[in-house]
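Pasting the structures in now, so scroll down.
Look for chain A in each of the two complexes below; its partner is chain B in the first and chain C in the second.
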Partner chain A sequence: MAAIPRTLGAIVTAPLTWIARAIDPPLRWWQRLTGLNGMAAVFLLPNLAIFGVFVLFPLVLNVVYSMTAGTNILLGDRSFVGLDQYQRLLTCEDYTQAITCREDMFWTAAGNTFFFVVLQVSMMILVSTITALILNRNIRGRGFFRAVFFFPVLLSPVVVGLIWRWILQRQGLLNLIMVNLGMEPEVWLNDRAYAFTATIGVSVWAHMGFYTLILLAGLQAIPKDLYEAAEMDGTPPARVFWRITLPLLGPNLAVVLVLALIRGVQIFDEVYVLTGGGPGTSTLYLTQYIYEVGFASILRNPGLAAAASILMGLVLVVLTLVQLGLSRRNEQRGSRQ
Partner chain B sequence: MGRIALNDIRKSFGKTEVIHGVDLAVEDGELVVFVGPSGCGKSTLLRLIAGLDRPTSGTIEIDGADVTRHSAANRGLAMVFQSYALYPHMTVRQNLSFGLENTKMERAEIRRRIEDSARMLEIEELLDRRPTQLSGGQRQRVAIGRAIVREPSAFLLDEPLSNLDAELRVTMRAELAQLHERLGTTMIYVTHDQIEAMTLADRIVVLRKGRIEQVDTPLNLYNRPANLFVAGFIGAPNMNFFETTASDGRAELPGGLHIDVPQDGKITAGIRPQHLRLANREEEALEGTVTLVEALGAETVVHARALDGTAMVTVLSGQPNLGIGDAIRIALDRGEVHLFDAEGQRIDPS
Partner chain C sequence: MKLATSLAALAVAGLGTAALAQDDPVELRMMWYSDGIEGEVMQDLLDRFEEQNPDIDVVLDNVAYQVIQEQLPIQLASGQGPDIARVTNLKEQAQHWLDLREHVEDPAYWDENFGNRFDWMREDGSDAIPGFLTQLTMVGGFANRTLFEQAGVEIPGDDATWDEWVEASDQVAQDQGLVAAFAVDRSGHRISGPNVSYGGDYIGEDGMPAEIDDGTMEYVTKLVNWTKEGKQLPEIWVSAAGTTYRSGADDFINAQIPFLYSGSWQVANLSTKIGDAFDWVAIGSPCGDVGCSGLAGGAALVGIKYTDHPEEVARVMDYLASEEVVREFSERTLFLPAHQGVVEAGGLDFQSEDPNVPPALERFVQASNETLPAADALPAWKWANAYYGALVTRISQAMAGEITLEEARELMNRDIADVVQNASQ
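After this line comes the complex of A and B, so read on.
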């Protein structure tokens, strides 16, 4: 029988002490049996269990679903079709013409996603870099502006989508301002080009604070002495940027590039709320396609959605591996310095 | 040419003035060392000369021309930074050429300068390496090389050896002295290490709280310190100070030892530890108790407390048989006593 705790500290820690005492004998037995490496497994087990249930199991389930057909959700009611769903997704007469593909919406969404990612990531890096460069200067109210630019990152994507829909819809804030200024209102979200541009702009606005923060940290890590040495040498500001700032910011830019690419490919929530993929299919991106094929359409096809998500996942795996490679290279470079 | 003159230089950060009207002339080819405790303004003064900071008032002249409002690049100076400030993504060769490329200098001339300085500093084999692949000493050489290739009218060196280990610091110190001898260019060198200052300098500028306390040759500073601060700052271990009151041209030190003084009143007598020795039985002596013995082999540093409680240090040659708690009698050479008045200013013997 454990002694009754007398002080407040002892009372607080008593349950933990009792648990520790209770699990001590089996742990000792396990260590005797498996050695120290076996103990590592014990401590990793809780996390592995969570990972297994919430990541690994759904992943395996998704692969299994991608090899089945039918509209039923329960696996037992579905028929095994092997790689048919992948074949359906990837069959095209002319790969440059989405309309000639068997699953033309997939290719339309993939094409939209490709152009969205290229433009959004370019814009994101440009805007984040410029913002980080400005915030890195000794300007008045620097702390305030840093908070302002980071604030949208804290918003839920649905809130972001709603805010911008409220601004950009036909009778929204932007048109109201334009009318008051004597200009003709525009159908921002009903025009293909405007809507596509809006999804890029809104996602840049929503996420740039995060990337700005990464780049700002990179800028602040560049020793001030290097700039003073350049100043002593009479280096023009443009040359300082291209020859000193940019190369030294390279590792951070690489991380930002890969992270932005990954998040760009995954874009869904704010665009779905803002445009719903329209007008037509002009802002239909891959994740929305997967969602609609798997869950939202009348003739839902979870197998096809699963196959599409596996293909998208493969793209993300490649991008993640690139990111890991870059991070490792930065770590090695950092440890050498 | 590289004559640098500072005329009533003041510098404030916000409402705080950190440099209080400094006047100084550095002659062409001279190696002047700024020395002083942390926060005395020595690096600030160097940055003002470099043009990296602007003085609040006063003027800076280089070879007679007022450069106070000139940019750093237009002063014809080169600076060696404490951190070396080498561009980590460039090779040594690119580090050396980077500044020259700004001046649209011809490639052949850039190559010649790089090769000359690399030969002088013995870094020829390192030219294609990056700074991360170099040792501390090699980086330091490259940093100096980057300054040399610009062929400046003066070098400004901000604690260039402080990041090196003790052994390498001694080697690099000697190399810097040789380099100055060979180039003959004006150098202003900032350090808090008085051994560096004493061994390198033609003249030393002792700074305290943004003011110059004394400017003189190393030996003059050591032999004739202008005030209590300089006397205490220059020389290791620090000078011993005994406060006393003089009357009729005589002052008494702890233990009954008497010295002649040229003026009456409150004075401070300063005696360097090296000018104290163990007293004979019959001679007048400072008396006290040993509190610490540091045996260095060739000499022994003995810390003691005088009868009136004043701490004193003496450097004795050899290995005297002394231990903590022993009574000690210390004699001094009266010709080596420095006297300071109540304001801490030097009193010259009449």
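After this line comes the complex of A and C, so read on.
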């Protein structure tokens, strides 16, 4: 009979111990049969199974869907059309004019996403870097400000979208303030430029805390003696920033760049709540296009949505490969140092 | 011995559980959305049903209208879904409705009282009983009488045109410093009555979608121009992409616009939310060149054919479709009934102390007699939604200045053709 556990730790670990004892004999038998490599397979299997069921299988299924047509959802009820959906998405008379494309909404969304990503990622890196530099200084209330900048990251994207919609709508907080200051109110979300800028600003506000944290960690990892040496040499602060801080922050900036790029391409929820893709299609981004075509629209076309998502996935694969390349280069550089 | 005792105990426990399971009521899920107070009324009716039928437990799942429009179709297409649902997309999803003919107590009662609109919600050529309309709806407008009076502008008469209505509303908006003159709900369904009033006809001679005609374009052009001129509230149509539905009701309720074009289902909503803040009237549909047509429609309660309990579903439906329950539901929700017996008997005692409500409902009943044949054909037409979706998507782009009206026309034709082609694959 097993001894009765007496301490809290023993009570917690007791079930695990019993499980370990129960599975020990079959594992030993398996190890004898297959050797150490076989054991590796056993331990990898649960993760591989989860990956296979929740990532690989849906991915393959999506590829298959992208080669089918019809309004039915069940694969068996859909007709195989090969690469027709891709052809439809990629056919254009003039690639600089979305309206001339067979699937003009896709190209409008792709163009919007491109400009959004370029501007949003630039803004994100700039704002996050400045914020991290400020928070890295020995300012009063540093802990409080770190929490304040990180707080929006904890909010649901839908909440973020709603908050900013209430601020920016015709009778929103911003117009209320402007009217009280004697200014003319603006219909921010009905103007193409304002609405596009708002989606960038809101997404930067919502996510910058996360990137600031990564950059802050990078800043704190820079050895203090480098700054002390520079100070002793009388190096101007700007030169210290360009010659010491920025190069040593490079690996973190690279991570931030790629992560921000990937998240930028995937932008959806807060923008969907904030602008609904409008005015017109000026803030219609790729993920919303896919969602609309696949699920929301009365003109639903799951095959076309699947093909568009595969094309978007390819862009994300390229960005991920860049991130992996940069990470490996940093690791190699680190190991050489 | 111990083993035998344990097995015996397990067997007794198992039998007990099975016996309990047999006494458990059958659980049915009803997916329901509300425009006003109808969810509360339905819950009340279901509570009463459950008292009379303790073997059935109906769980009312109150969801947003968007769930009905976007998530339910996906569930249905994959062979799942609730047992009963309240839907507005009646014809296009008809293949998923349970045929109640073999399950209801008296199919003749159903045919007699709801049969004239079964074609709206069953596949062409079918004689199925798919469910019943919980309400008959009629697209139409509302005017803020208080604002018109304050502005000293006379409310246009019954035969006033769209131009006259927009002109009068614009005068009110300017006089009262309002943000816009009017709003039409962002929906292809909503603008189809006006399109028909200007001579539009969506249905080709072969029953398939016709190309967008000049009649449709005439109203669409007016709507786009009014929006560009700031007369129509831009938040409704311009501030969204795709086919997203947006209603102007909240802006009307907040007295931001003097004229709203929506439909009869808003009566309870307006009455509840406006209270005595201002007086409002239902105005039917403004006129075009060939008529003053709105568009009939409705929300229906349908059984879903993937249910495991068709008999129980039919019992619930029999109860809810009974004359006295339909009458009570209509009187409490302020919805127009679609039950022939209730309509013919008349004398509905709509339960509202709001003096704006009875004339509004009467006006909508009157408006239902003013619809044109091209509009009457749409609720039972398979491709209506293809048309509605294309209209909303492209008109919004034209309003935002992204495309011209001619380009919009071309793209709408292409979108509709794409839907037809995709559906045929």
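A few notes on this one:
Everything below uses one rule, namely that the second predicted complex is superposed on the first by the 314 of 337 C-alpha atoms of A that agree within 3 Å, B and C clash if a C-alpha of one lies under 4 Å from a C-alpha of the other, contacts with A are read in each partner's own complex, and residues count from 1 in each chain.
The rule is short, and it goes like this: a contact is a pair of C-beta atoms (placed from the backbone, for glycine too) under 8 Å apart; a residue touches a chain by one contact, two chains touch by 3 or more.
The model shown is predicted, which means the values in this text are computed figures rather than measured ones.
Once both complexes are superposed on chain A, the partners chain B and chain C fit side by side without clashing. When the shared chain is aligned, chain B comes close enough to touch A:Leu248, but chain C does not.
Residue contacts after overlaying the shared chain place A:Ile99 against chain C, while chain B stays out of touching range. Shared-chain residue A:Phe295: touches chain C; no touch with chain B.
Residue contacts after overlaying the shared chain place A:Leu284 against chain C, while chain B stays out of touching range. Of the two partner chains placed by the overlay, only chain C lies in contact with A:Ala69; chain B stays clear of it. Seen from the CA centre of chain A, the centres of chain B and chain C span an angle of about 150°, rounded to a multiple of 10.
In the superposition on chain A, the chain among chain B and chain C reaching more residues of chain A is C.
Of the two partner chains placed by the overlay, neither chain B nor chain C lies in contact with A:Leu326. Using the contact criterion defined above for the overlaid structures, shared-chain residue A:Glu228 touches chain B, although it does not reach chain C. When the two structures are aligned on their common chain, the gap between the nearest CA atoms of chain B and chain C comes to 49 Å. No residue of chain A lies at the contact with chain B in one complex and also at the contact with chain C in the other. Contact residues of chain A toward chain B in the complex are 223, 225-226, 228-236, 239, 243-244, 247-248, 250, 333, 336-337. Within the complex formed with chain A, the chain B residues making contact are 50-52, 71-74, 77-79, 81-85, 87-89, 98-99, 102-103, 132, 146, 150. Of all the residues in chain C, the ones that touch chain A in their complex are 69-71, 73-74, 77-79, 89, 179, 188, 234-235, 238-244, 246, 385-386, 388-390, 393, 396-397, 399-403, 407, 411, 415, 418-419, 422-423, 425.
Listing the residues of chain A that touch chain C in their complex gives 69-74, 78-79, 81, 99, 104-105, 169-170, 187, 189-190, 192, 195, 275-284, 288, 292, 295-301, 303-304.
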